[in-house]
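Pasting the structures here.
One chain, chain A, links the two complexes that follow: it is found with chain B in the first and with chain C in the second.
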Partner chain A sequence: MVNIENFILDMFIYVGIFGVLSISLNLEYGFTGLWNFGKVAFYMIGAYTSAIITTLGQPFYIGFAAGVVVSSLAGLLISLPALRLREDYLGILTLVFGEIIRIILKNEYWLGGPLGIRGIPSITPAGLDYTTTLLVQLASITVIAAVCYLVAYRLIHSPFGRVIRGIREDELATASLGKNTFRYKASIFAISSAMAGIAGAFMGQYVTSITPDQFMPFVSFTVWMMVMLGGFANIEGAFLGAFLYIGFERAARIAKDYLLLPIDPNNLMFILTGLLILIFVFLRPQGLLKENKVRDYKGV
Partner chain B sequence: MAHILKTDNLTKSFGGLLAVNNVSIKVDEGSITGLIGPNGSGKTTLFNVISGALKADSGKTYFDGKRIDGLPCHLIYKAGLVRTFQVPRLFQKMTVLDNMLIAARGLVGERLTVTFFQSWAWKRQEEGLIKKALAILEMLDLYHQRKNLAGNLSGGQMKLLEMGRALMADPKMLLLDEPAAGVSPLVVDKIFEKIVELRQSLGLTFFIIEHRIETLFNYTDRVIVMFKGQVIAEGKGKELVEDPKVIDVYLGEY
Partner chain C sequence: MTMQRGSNVKGIGTAAAAGLAVVLLIVGIAAGYFAGAATVAPVTTTQTQTVTSTKTVGAEATITQTVTQTVTQPVTQTVTQTATSTVTRTVTATATAAAGLPDKVRIGVLLPLSGELGAIGQRMLYGAHIAAKIVNDSGGIGGRPVQIVAEDTAAVPDKALDAVKKLIEVQGVQVIVGPATSVEVATIAKYLNDRKVPAISMSATAAALSNLAKQYGDTYFWRVVGSDSIQARAIADIMKQKDFKRIVTFVVSNDYGIGMEQMILAQPGIKERHVLAIRYDPTKGDYRTELEQVKAANPDVIFYALWVESGKIVFRQALDLGLEKIPTMGGEGMADEAFFEDPRAADYMVKTGLFGTRPTYDPNTYSYQIFYKMHQQLYGAEPSLFADYTYDATMVAILAVAHAGVYEGAKIKNALALTGQYYIGATGMKALDPATGDLLSQDYLIWRVELKDGKPVYNFNYGSWSLGAGVVWK
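Entry: the complex of A and B
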């Protein structure tokens, strides 16, 4: 049996990482109505950029910053053609974009090829015991997640946040009310991609090795499920969804060691999450938490 | 009087259908001009082309002395020309007040630097905007709905909110597509009285699509009649009633 403390610490570190990814998808889909099925692409770009730079000997903050900038630029770049498309095409294009990046990384040996990048320097100093290492990692992702949360908080509780909700509800009406919707959508794409980038950069140094196959489209779908659980257009729900999903996954992972099943126990997790999603789709399609208001308008 | 809006041979087709066919019109500044025509005669399409929601196949549009055809919607709004939709296009999952505020002009919060680092700046601006929005809502009898979701309004209230939103945008000219459709008959007159009042107090120009001929003739300075994509007549209400072309295609139906 694994050490339960470490197991839980590790779980919360992933809740932090995926909480950031969920906030990022929530900004795009929940608030702005942009269908991004390729969240993993920007997570991957952040992870690879930072891993390459830090393994070359640069400090982690340079790596993280580069991960953020490159992911964000990639988001901006793909948004230029993609945001002119209808929403369903945007979904397909982002999905394909993720796969293209993954396949390129798999085939370019100077970028690690199929084996990826190993020996990524961790942000935690060497020589700490494992539990302390995990605590430092957890503290770090908490800071990152808090910053992302604050950025999202400022955005959605502001006139900017009102306009992106308008784009989601009716883009033509928003444009007719004088808003350059393209500029708003591109900004959201860039900011969200930056968040996915930092999540990736953090993850890379945490696990210290990354491979292209860690970044399958399933990762993007996982983030979608988290947003769906926590609630669309709710930034607190992003963390709740990540917590529920990962908690569920871990519980299923432990359960399978104790259960005698007529099926391959490794599939248990997929079956259970599938069921969970079905239950939500039928009973509470909007997710657990309601949409965040723009403002409370106290006294109005 | 100067023409605030002018179109030169505007044409728009959908496949083989000429929805707007060589339309050249002029709207006087400060006037209330009506647009009538049977269903499918191209009135809404003309508004869509003028407001930038659709691109014209050919022809030119001038607003306030500048060419605006080919401009995207948000720049036409910036020029001061604001439109409403025949079928209300509200932000359903947002409150009535949010629907109003989003329409405001020159929001400092449009800049990300203000959003992130100077929230006091947009908050201060918004105080004024909220007052203005509430005053418009009051005028439209929507004040009590201010915190409700727009999607929960009745059909008539939705039409009113569409107009309120457009007024929030400080327009020079409003294109209203059937502002009183689905509104109870008593409210219809109230809406048009408000329109007359707004023209007086703010000097706005109105270009209004309306099916009720009586109403239109009562409140407008001039009426343009469209049929099958073309302008077939224009003039004062009284003259039009006697125009055989108009009687033929439109009034004849009554």
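Entry: the complex of A and C
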């Protein structure tokens, strides 16, 4: 009756989903220095767009593509007014943007209302046993994550990557070199929102149901914690951070049954996560993996 | 500008990370295997306990039933068993029923034990423990003790999904009590169907959840609490009986308020009488604009579904605008004495004769008293909101395992409808619809705000409503 392998496969699927979200935040904050506290908004837009389209009978790839395009456009649109703000105001605006989208979805019954959308078609064919289904899902998210990784890798090791790092270090200096920093920032916002969108579209078909309450601001902060753990401006670190956070969460859930503690075991996870973040902030603020030096292009 | 090739300086990070990762995985896997160590043990014939307990429990009708029901389990096995032991026939029959059960019968419980609803969830869990204790004190299910395995969902859908996966995959749980909120149910319903494990909720009332069976072909979601659609029917019946012709709904803009409004409008004969729908923002703090609209619509009744803090302001301002001549109604959330904290709000409620519905059951039944006394004895406090329904959900889960005779989700689910038919719970009859998993009937009382010795009070004896009898005024 016990199928621990299912639990572990499921965990790695979530590591994939959150790994993609972490890469996306890393491109914005780690490499460009943009404060985005509303990552969940683009995750949500991707999930809802794809869910609506696939429940109308379209195949999943059209849903996924639409999720990516709509999220990316949303990212671009929000960036137009937002990027003119100072970094802390950008953080506030993105946070509020996520909440606005969530509250609209909760109140619009034609978009599912508070109970959201159920019966989203899954990419796995029906009739497979549960473990095989999980393996197919894991393979799919691995492909998606690999594509996002390669896109991010190419970006940061290109002239484009050097400009966005320049913006992070000193925007004024970069602008003085004749770079249109606004255009670079808007592009990075659109690209990373597209990644968040595909993560959302994938999650929707995996769980097969989405509700507005799955997209609370806490999700954005979870991604921030993953990036803090894994390392800022390091795309391998994005996956490491996601793995550590989710593994930690699940291990704590299991471990609490075997520990006799003077505290309520349900709060164990919160205490340990808080402690871990504090340790990192004090002892290793750059995260586990450091930023790599820009690759050399000698001979290219 | 030149750069050095291959200078990936990662420092100690990588090694530390790899180490941590391995440790995490080992902990997880080891814990998982320990958790799943409970295997189906061969049948032993030390089942005398069960029989004696049937007598000691005596009037506890439900337990007695379990035993008699399980007698009808496979006959062939009974024969082989009696051959190897000297125990009397009735006892072996019970033992056969338990043959398919593990040493410990795990009942998974999903409740918000932390977060916003943490305080109430902790006390709802008492209900589950009471049910397990009552059954275990009388010998468990055919001698196998019941064990409650609770997981925290924080009332957040993602956490509920994590928690239910942990219960089913890591601990092999085959029947679940909970989750508490409708949103969590909507999120985990497909997974329950995939894994064929039934969940019995004590407090998820959203009407839309009745469609899960239609959507997924089968439903593993059941509930021992009435769907909101039954309450909406009660309210619509009352509105029609009072012959209100110009109805205004005034609800808080969230799933509770909007859900209530939508359900009432969906009842036959209400839409034609409905003239205005107001959904208000509970954080706004001023509702004169909305109330002016109400006044202009010239209604003969206002139906309110409000939250307390903003509701007090609505009532106060309604009085200021001279709306006290229009009769008012309300849903279950409106029967809350906290409204009386504002004397002008209370004045408005009394003047308009605010009345409404609330789910009810008879607390004088024997079933309720068993629960109540045990609660007093174990926790020394009055049962809190939904602890009684959690108790009933757990009892239904335990009895369904006994009926099924095996610890297997699909069979336990099939036994649920039969279990519900015979079980009289602390909160009333628990007849369940096998097609939707819904509770078939729920009674409502009709309350009214009145003046008693110059003070506003709720009169909970104003009337009643049930599916069979309809509206009855007292």
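The rule is simple: the second predicted complex is superposed on the first by the 288 of 300 C-alpha atoms of A that agree within 3 Å, B and C clash if a C-alpha of one lies under 4 Å from a C-alpha of the other, contacts with A are read in each partner's own complex, and residues count from 1 in each chain.
Keep in mind that, in the parts below, contacts are C-beta pairs under 8 Å (C-beta built on N, C-alpha and C of every residue); 3 or more make two chains touch, one makes a residue touch a chain.
Since the structure is predicted, the reported quantities are computational estimates derived from the model, not experimental observations.
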Point to revise | Touching partner for A:248 - first (chain B), second (chain C), both, neither | key: second
Exercise for review: Would you check which partner chain A:154 touches, where first means chain B only, second means chain C only, and both and neither mean what they say?
Suggested key: first
Review point. With the two structures laid over each other on chain A, which partner does A:177 touch: chain B (first), chain C (second), both, or neither?
Key: first
Practice item. Quick one: classify A:211 as touching chain B (first), chain C (second), both or neither. Key: second
**Study point:** Touching partner for A:187 - first (chain B), second (chain C), both, neither
**Key:** first
Exercise for review: Determine, under the contact definition given at the top, whether A:169 touches first (chain B), second (chain C), both, or neither.
Suggested key: first
**Study point:** chain C versus chain B, contacts on chain A by residue
**Key:** C
Check your understanding: What residues on chain A does chain C touch that chain B touches too?
Key -> 293-294
Review point. Can you name the residues of chain A that touch chain C in the complex?
Key: 1-4, 6-8, 10, 106-107, 109, 113-116, 118-119, 130, 133, 207-209, 211, 213-214, 216, 218-219, 231, 240, 243-244, 247-251, 253-255, 257-258, 264, 266-267, 270, 284, 287-290, 292-296, 298
Practice item. Would you mind writing out the residues of chain C in touch with chain A in their complex? Key: 2-5, 7-11, 13-14, 16-17, 20-21, 24-25, 27-29, 31-36, 113-114, 118, 151-152, 156-158, 161-163, 165-166, 168-172, 174, 182-183, 186-187, 189-191, 194-195, 206, 208-209, 212, 215-216, 253-255, 258-259, 262, 279, 407
**Study point:** Residues on chain B engaged by chain A in the complex (per definition of touch)
**Key:** 51-53, 72-74, 77-78, 82-83, 85, 89-95, 97-98, 101-103, 105, 107-110, 112, 115-116, 119, 122, 126, 130, 134, 146-147, 165, 169
Check your understanding: Can you list the residues on chain A that touch chain B in the complex?
Key -> 151, 154-155, 158-160, 162-163, 165-166, 169-170, 172-181, 187, 291, 293-294, 297, 300
